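First chain written, first letter: the chains are A, B, C, D, E and F, and each begins at residue 1.
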Amino acid sequence: MSEEDRFAPSEQVLSGRTADIYFLNARRILEQEGLNLRVTMEIFPSRSGILCGMNEVKSILAPVLPPDSEVWAVSEGESMEGKEVVLRISGPYRAFGIYETAILGILAQESGWASGARACVDAAGEIPVIHFGARHVHPDVSARLEYAAMVGGCTGCATQAGADLAGISPSGTIPHALILCIGDTVRATEAFDRYIDPQVKRIALVDTFRDEAEESLRVARALGDRLWGVRLDTPAERGRVTPELVQEVRARLDQAGFSHVRIVVSGGINASRITLFREKNAPVDAFGVGSAISGAPPIDFTADIKEIEGRPIAKRGRIPGVTVNSRLIRII
Amino acid sequence: MSEEDRFAPSEQVLSGRTADIYFLNARRILEQEGLNLRVTMEIFPSRSGILCGMNEVKSILAPVLPPDSEVWAVSEGESMEGKEVVLRISGPYRAFGIYETAILGILAQESGWASGARACVDAAGEIPVIHFGARHVHPDVSARLEYAAMVGGCTGCATQAGADLAGISPSGTIPHALILCIGDTVRATEAFDRYIDPQVKRIALVDTFRDEAEESLRVARALGDRLWGVRLDTPAERGRVTPELVQEVRARLDQAGFSHVRIVVSGGINASRITLFREKNAPVDAFGVGSAISGAPPIDFTADIKEIEGRPIAKRGRIPGVTVNSRLIRII
Amino acid sequence: MSEEDRFAPSEQVLSGRTADIYFLNARRILEQEGLNLRVTMEIFPSRSGILCGMNEVKSILAPVLPPDSEVWAVSEGESMEGKEVVLRISGPYRAFGIYETAILGILAQESGWASGARACVDAAGEIPVIHFGARHVHPDVSARLEYAAMVGGCTGCATQAGADLAGISPSGTIPHALILCIGDTVRATEAFDRYIDPQVKRIALVDTFRDEAEESLRVARALGDRLWGVRLDTPAERGRVTPELVQEVRARLDQAGFSHVRIVVSGGINASRITLFREKNAPVDAFGVGSAISGAPPIDFTADIKEIEGRPIAKRGRIPGVTVNSRLIRII
Amino acid sequence: MSEEDRFAPSEQVLSGRTADIYFLNARRILEQEGLNLRVTMEIFPSRSGILCGMNEVKSILAPVLPPDSEVWAVSEGESMEGKEVVLRISGPYRAFGIYETAILGILAQESGWASGARACVDAAGEIPVIHFGARHVHPDVSARLEYAAMVGGCTGCATQAGADLAGISPSGTIPHALILCIGDTVRATEAFDRYIDPQVKRIALVDTFRDEAEESLRVARALGDRLWGVRLDTPAERGRVTPELVQEVRARLDQAGFSHVRIVVSGGINASRITLFREKNAPVDAFGVGSAISGAPPIDFTADIKEIEGRPIAKRGRIPGVTVNSRLIRII
Amino acid sequence: MSEEDRFAPSEQVLSGRTADIYFLNARRILEQEGLNLRVTMEIFPSRSGILCGMNEVKSILAPVLPPDSEVWAVSEGESMEGKEVVLRISGPYRAFGIYETAILGILAQESGWASGARACVDAAGEIPVIHFGARHVHPDVSARLEYAAMVGGCTGCATQAGADLAGISPSGTIPHALILCIGDTVRATEAFDRYIDPQVKRIALVDTFRDEAEESLRVARALGDRLWGVRLDTPAERGRVTPELVQEVRARLDQAGFSHVRIVVSGGINASRITLFREKNAPVDAFGVGSAISGAPPIDFTADIKEIEGRPIAKRGRIPGVTVNSRLIRII
Amino acid sequence: MSEEDRFAPSEQVLSGRTADIYFLNARRILEQEGLNLRVTMEIFPSRSGILCGMNEVKSILAPVLPPDSEVWAVSEGESMEGKEVVLRISGPYRAFGIYETAILGILAQESGWASGARACVDAAGEIPVIHFGARHVHPDVSARLEYAAMVGGCTGCATQAGADLAGISPSGTIPHALILCIGDTVRATEAFDRYIDPQVKRIALVDTFRDEAEESLRVARALGDRLWGVRLDTPAERGRVTPELVQEVRARLDQAGFSHVRIVVSGGINASRITLFREKNAPVDAFGVGSAISGAPPIDFTADIKEIEGRPIAKRGRIPGVTVNSRLIRII
């Protein structure tokens, strides 16, 4: 999928139906007044984080800006400071003014998610973090969430749409639903092993019916070398997954000769819990993270007009004129 | 727009491309095993709030469930308790299992937004709250955000797409950009008055170039009775809008004979700041709220299988069997 | 066992070997000086709580005080205020002065334990509390601990020595050790049922090898009506016993027709956790409490001379003369 | 006194009357079942501290274990980490299982006391700490408390029974009672000087009737070189002993030529108050500490079966098999 | 002393030498411009408290304002709200503008002190509070401090200058210096009794050389009925005066037949310590308070021009025009 | 003005009318008893700070002490520790005893103010701090406050009387009153420029009628090079002066070619706000500080008699005899 295709804006966006109505009114007034001013607008975040969404922003601006316009930007995935100018657009205001709502929104939500992911990834150090949070956001943006999680440093995600956007294959284990339908963890895992593409890792979910340590040994005995790992997802009602549980399952697997079986931990995992697991040296092989990423708050962005027809200008409270930032690279 | 049209799911959702991949794998395994079990699934939120998204959920389930299925739900816009069952689906698992990701995601994000809006609306009492937060989320979900804000009690929103979904007309004032392009607040407001449909309220933005009190009097003198109100949006660098500023602008407008001019307050407004304005009896006529609603965290939802082929069942940590909740109404 | 026998002081105490040496020196000096003054001493606690140990104090004083002495006391098991006089001894100082150390120590430790027990009992309301804390104190005082726990309101304790002192039979379930030796919870419970006096309640411990809910159903099926209850004692590494676990075990037992089987909860239980269980309406039938009682800090007591030969006197910081307290009853 | 005599267990302990009843039941069941398994049990504390009571534990196990048993332990008085294995017993379970209650209890209470003492001793640095807390515990364990305080680093204690256990002579000054009976601090100190063995240090208590500084000078003038020191024990009602009081008494004694007279401080002393005295350079020569040691909470210990007949085993939540700890030394 | 004499402003004030220089510059510019505008100025405090200094302000304004001027004020000693207008001056600005500095300063410092006094007086309820804080402020304002303390509700003060201003006689006991010079508390009190006017109350200071309780009994025995009371002023190094000390001194005086001797408490007394004494029912007959009153922070006042030549006006941030306050009374 | 003239004590002080009455009584008793003892008194502060007032204390003592007296002191403006002896007076007690009240009061209030000033000056680093707080204290001490502020490190003050005491010329800008009377900031500044001595800096106050940035440019254009600076004094109702406002005004002045115009910041400035401005690199050229200095609490001082007729002595709680402090210099 080409970069343009990946982030092609929808008709709703291009038509201005998702723009704040007053931008459409402003465009109409300027047209009526015959004003087609060349304006430089700068965009900055309210706080520091990981910048995400810039590729998509480019996909909006590229088709609408006339040839003598310029767009400068900090690159996708880089870290940014609060109030740092990360995007500068120079061109006829009537050509791009109505896209302010969409541009700010894309950057806000995707940078928020990428920053949430980065916090978990930083806490996890060498241990990979897989994103499982699609179920906490609207399906119309879940692929963007998965993409942002990957930009933030995650190594896997769970939906086909998200994986396509990020250019990888989706990851998954076994849902509780399958085990409940089949009635036994071992039989469900065996069925998975029977029908699913051998390329897909066999990762058994081991907390549905019995104690996790007991179930881990049962599936390890059943699948042997074909078992890639087990996933611990103990619910809060059973005390969630603790570092001690991981240590015990590891010890029992090792004592039974299954040292090749990896341990994936999920269920309410966030950066502070990851830190706890690492401080206690719990032998985790991968973390599955959901709401700590999907629920990360948007990083609000602001757009300021800083120059009109070459003259520095700004509203009260802002400093007129272009802001110097050597990290900006011309993208259009 | 009919209810079905409003919330018709996208092809991405219907095809399962936004589903967690393991649900697709599970469906395939059950097919291979020849298991087509009738399952009852219950869905509940992690914490209390305002339920939103149920109409959209119905739009997904209606076309995919076979005739002898049943769906029971708490109604759109009602308040719900943490762990209260708000949705129960009974039917062949293979028909609806892959939509768990989408259903949970819709409810999570829209209920989060509606609950954020409700907190502001409750704080504001009689004073209307208008939603301006589209710029803080991705444009592919901004209409859902605006809809959820209206479900939560807001009386207006800013985008055409959002307003259509909520069945109203969009609201807007004048952006700083227009005033900067025209070069003066009074002239910009006069231009607005000249070209925009007289049905639209004239609300001048009064903090761009000069002190708010001074500018309020200038626009009031220029537009006279045609001026519906002024909007105070003082930036943080100038101390934000304070209750004292509202009181002073009110007093200066009244002393000059402009008691018909209303005062709209925006800029970093949230429930606790609204409470502050009301405690100090600041004469605010409307609040414009953005990130306090758009940045409200999702309310995560969980789906549990509670019955298979009529037998109570549950994973460890959950109580087997159907949960009684008299607030559930059959919707399919 | 008669009251005197129950609390007969040891030879170590009577001989003064457990007294602070300066009391022995003081007695010797007064003898050498030929001073045999009649002294009134008052004893009070540093903070409020449940008074315990007074019967034992009486057993020390009765044999050593000459006939014209008087002892007044608040009764065993009553609540007392901080600084309230709970014991007043009038008699020749040389006859009782060396027992100050023992008297204060008995009251301090036993009142501390009784107060710790009372806090749990008050939190538990109608639900019985059984004391299991002997393992946290030296065996030479564990019977006193168990007695104090009963004075504080517990309904059972675990050692023969303690039960004898309190005039009841000891309580017990099944230790993890037995289950580990026999290798299975059901077989261990069946062995218990086979060999132990039918008068003793059959209470299965259900967290040794498998999930508690699963194991509870297995033992219920094996013993049927002979099973009095199950004990949940989940270790911290598995998240301790939670209110939700109790609710689920209760539901699963009831759904399987075992509503006669009671649920005993143990493991790190204290007053605040008992409150939590009750606030969440967890259907607990009895709590087993250990270190919340055995580790309750002593309530320090102080003895003051207030009268010598009928004259009010006191050291600096105390008010001379006898303190009025109508709750004092003459016991010697 | 030989080591065995010092810590010989009582008949109550040896007979199992202080054991939790379920251990006696378990032994009976194993006998009936004809199971006499060789078991390895490990014992560890819940938190870090000073290990105390191991000598006494050895006195229990030595007479009851058959020849081919083994006991490994960390040594009396060493510091230990939370969850560190400090004792490992291997032998026929039926021979030692019933002593679990006594073993855990001895270690819990004595380690708690030794750790409380160590905190004060560490705070005091070079300044000796003398234990005076017998009055806050039951006389049947007060000698153990005094022994544990010495293991924790105290240099003196107050009862004959405790001193015997620790292998020293008891320490003591003069009680308020003697001064009240004699009616004057100087006369009481002179009487002490007249009748008590000259080996015993003359330490006057100086807060009974008059200001401490005034009284210190009076006793110093009366006893001259025979006065070893004064004890400040100001009650809370008079503001307790403060660093400034010690400095002033020191200055007044020195100015009057009594620089040989030492100052002992007592009354509500704990580690944080000792630190305060040292931070303010108060010239204290010894601290007397009571409830900060006697009221130190027990450090709960846990016993786990880790091997049966050579096979690793453990209950849920614990790691099967013997734990490596190079600090363990074979004691039986 | 007449009201005018009491508060007659100094030459420094009248000449403008204590005025902020820019007010003198402003007057000169207005003179040069020939502007002699009639101005209404309003003065309000930054926070609530007791208004003090208004009589003195009147003494400044009365001689300088021309006949057609008006001054309205809230009365001396009344409580005031934060931002409440307590003074309104209407007249030619050039006549009074330079006194803004002095007027605000007088109100600020005296209202601060009066409010500090009121907090103590309110806490003390029926018990009188005597002000002793002259030693904590410059002698050129100490009489104003004492006056303000009386306005705040104190019943006595310590300097002749302050007492004259308040229209009473000064109060005093005996300083430590006299006792140290004479060498004994009883002899010093007897000397006081010998030479000082019998109208003056005999109040012995009892903490100089010996314990307070002991010394109280000694002076009571020496002066008998002539002793009005004792003053407890224990230094921090001796634990300050505690409620328990007061109770004990009271008890010992009563037991010795000196129930007529009153107890005055001083030394670091403030509102929260007064509350403590009263909560513990300490039988205090009077409190001596110093730095809690003298160190009370000034309540800053602000002056705003609200009308010029009859037209409402105000600087940004303030509401133009006269503020209604029915508590204002015309004083000039 | 000579040093003596500057700080000559008033008749009120010299006559003892500002002394606590009990010092006058004590002097009379000692006269009657014929005691004229040579006494050494030491004076120390309750906490650390900047010593101020010592020159004035010397002006009191010099005329009253007889020739063989000695006075030793730490020097004006030096820092001092809590409880450090900063003044020692040796001489006949009757000659100086009654001045204790005045001496302590002068040191207390002036040291408090100097210490408050120093905190701001230390926070400001290289940026000058000008004192404007006369309006928050009584005019009879405002010159002392201004002097103390200069001792604490301020570089300017606002009243003639204060400036005389400190030996400088007073500083001032333009009051809001002048601008309100003249009706426009630019016209008021031009009038100032017309009539006031050209030596005086032209500093325009720019927040009276319009936005600060707009007004700064207007006055800069009007006065050109004659404008020394602008003062920002934004009221709390308009958000106070923020670091961002300073940065914006600086940028707008520079962009318009007025880089010579300095920026003075005032309005609720204290040490922590100064720190904030500096942390954010706000280009402030001077700070105007008022209540952070004038409202600094007095540092209470205490006087102790330490020697009488060559013998060490002290009241209870203090150490008898002279305290060594090598920083004391003989001043009389």
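Definition applied: contacts are C-beta pairs under 8 Å (C-beta built on N, C-alpha and C of every residue); 3 or more make two chains touch, one makes a residue touch a chain.
Since we're looking at a predicted model, the values are computed, not measured.
Novice: Moving step by step between touching chains, how few steps can get you from chain A to chain C?
Specialist: Minimum step count, chain A to chain C: 1.
Novice: Touching chain C and chain F alike: which chains?
Specialist: A, B, D, E
Novice: Taking mean CA positions as centres, which chain lies farthest from chain F?
Specialist: The chain lying farthest from chain F is C.
Novice: At what distance in angstrom does the C-alpha mean of chain F lie from that of chain A?
Specialist: Centres of chain A and chain F (C-alpha means) sit 58 Å apart.
Novice: Quick one: report the Å distance separating chain B from chain C, using the average Cα coordinate of each chain.
Specialist: 58
Novice: Approximately how many whole Å separate the CA-defined centres of chain E and chain F?
Specialist: Centre-to-centre distance between chain E and chain F: 22 Å.
Novice: Any chance you could list the residues of chain D touching two or more other chains?
Specialist: Within chain D, residues 209-211, 234, 236-238, 244-245, 248, 316-318 contact more than one other chain.
Novice: What is the shape of the graph in which nodes denote protein chains and edges denote touching chain pairs (line, ring, star, complete, other)?
Specialist: other
Novice: State which pairs of chains touch, listing all of them.
Specialist: In this structure, the chains touch in these pairs: A-B, A-C, A-D, A-F, B-C, B-E, B-F, C-D, C-E, D-E, D-F, E-F.
Novice: Spell out the part of chain A that touches chain B in their complex, as residue ranges.
Specialist: For this pair, the touching residues of chain A are 9-10, 12-13, 16-26, 28-30, 32-33, 35, 37, 39, 93, 97, 100-102, 104-106, 108-110, 132, 134-144, 158-162, 164, 170-182, 188, 191-192, 194-196, 200, 207-210, 234-238, 290-291, 294-295, 297-298, 300-301, 305, 308, 313-318.
Novice: Where on chain B does chain E make contact in their complex?
Specialist: 211, 213, 244, 247-248, 251-252, 255
Novice: Which residues of chain B touch chain F once you look at their complex with the stated criterion?
Specialist: Residues in contact with chain F: 209-211, 214, 234, 236-240, 242, 244-245, 248.
Novice: Okay, in this complex, where on chain A does chain F touch?
Specialist: Of all residues in chain A, those touching chain F are 312, 316-321.
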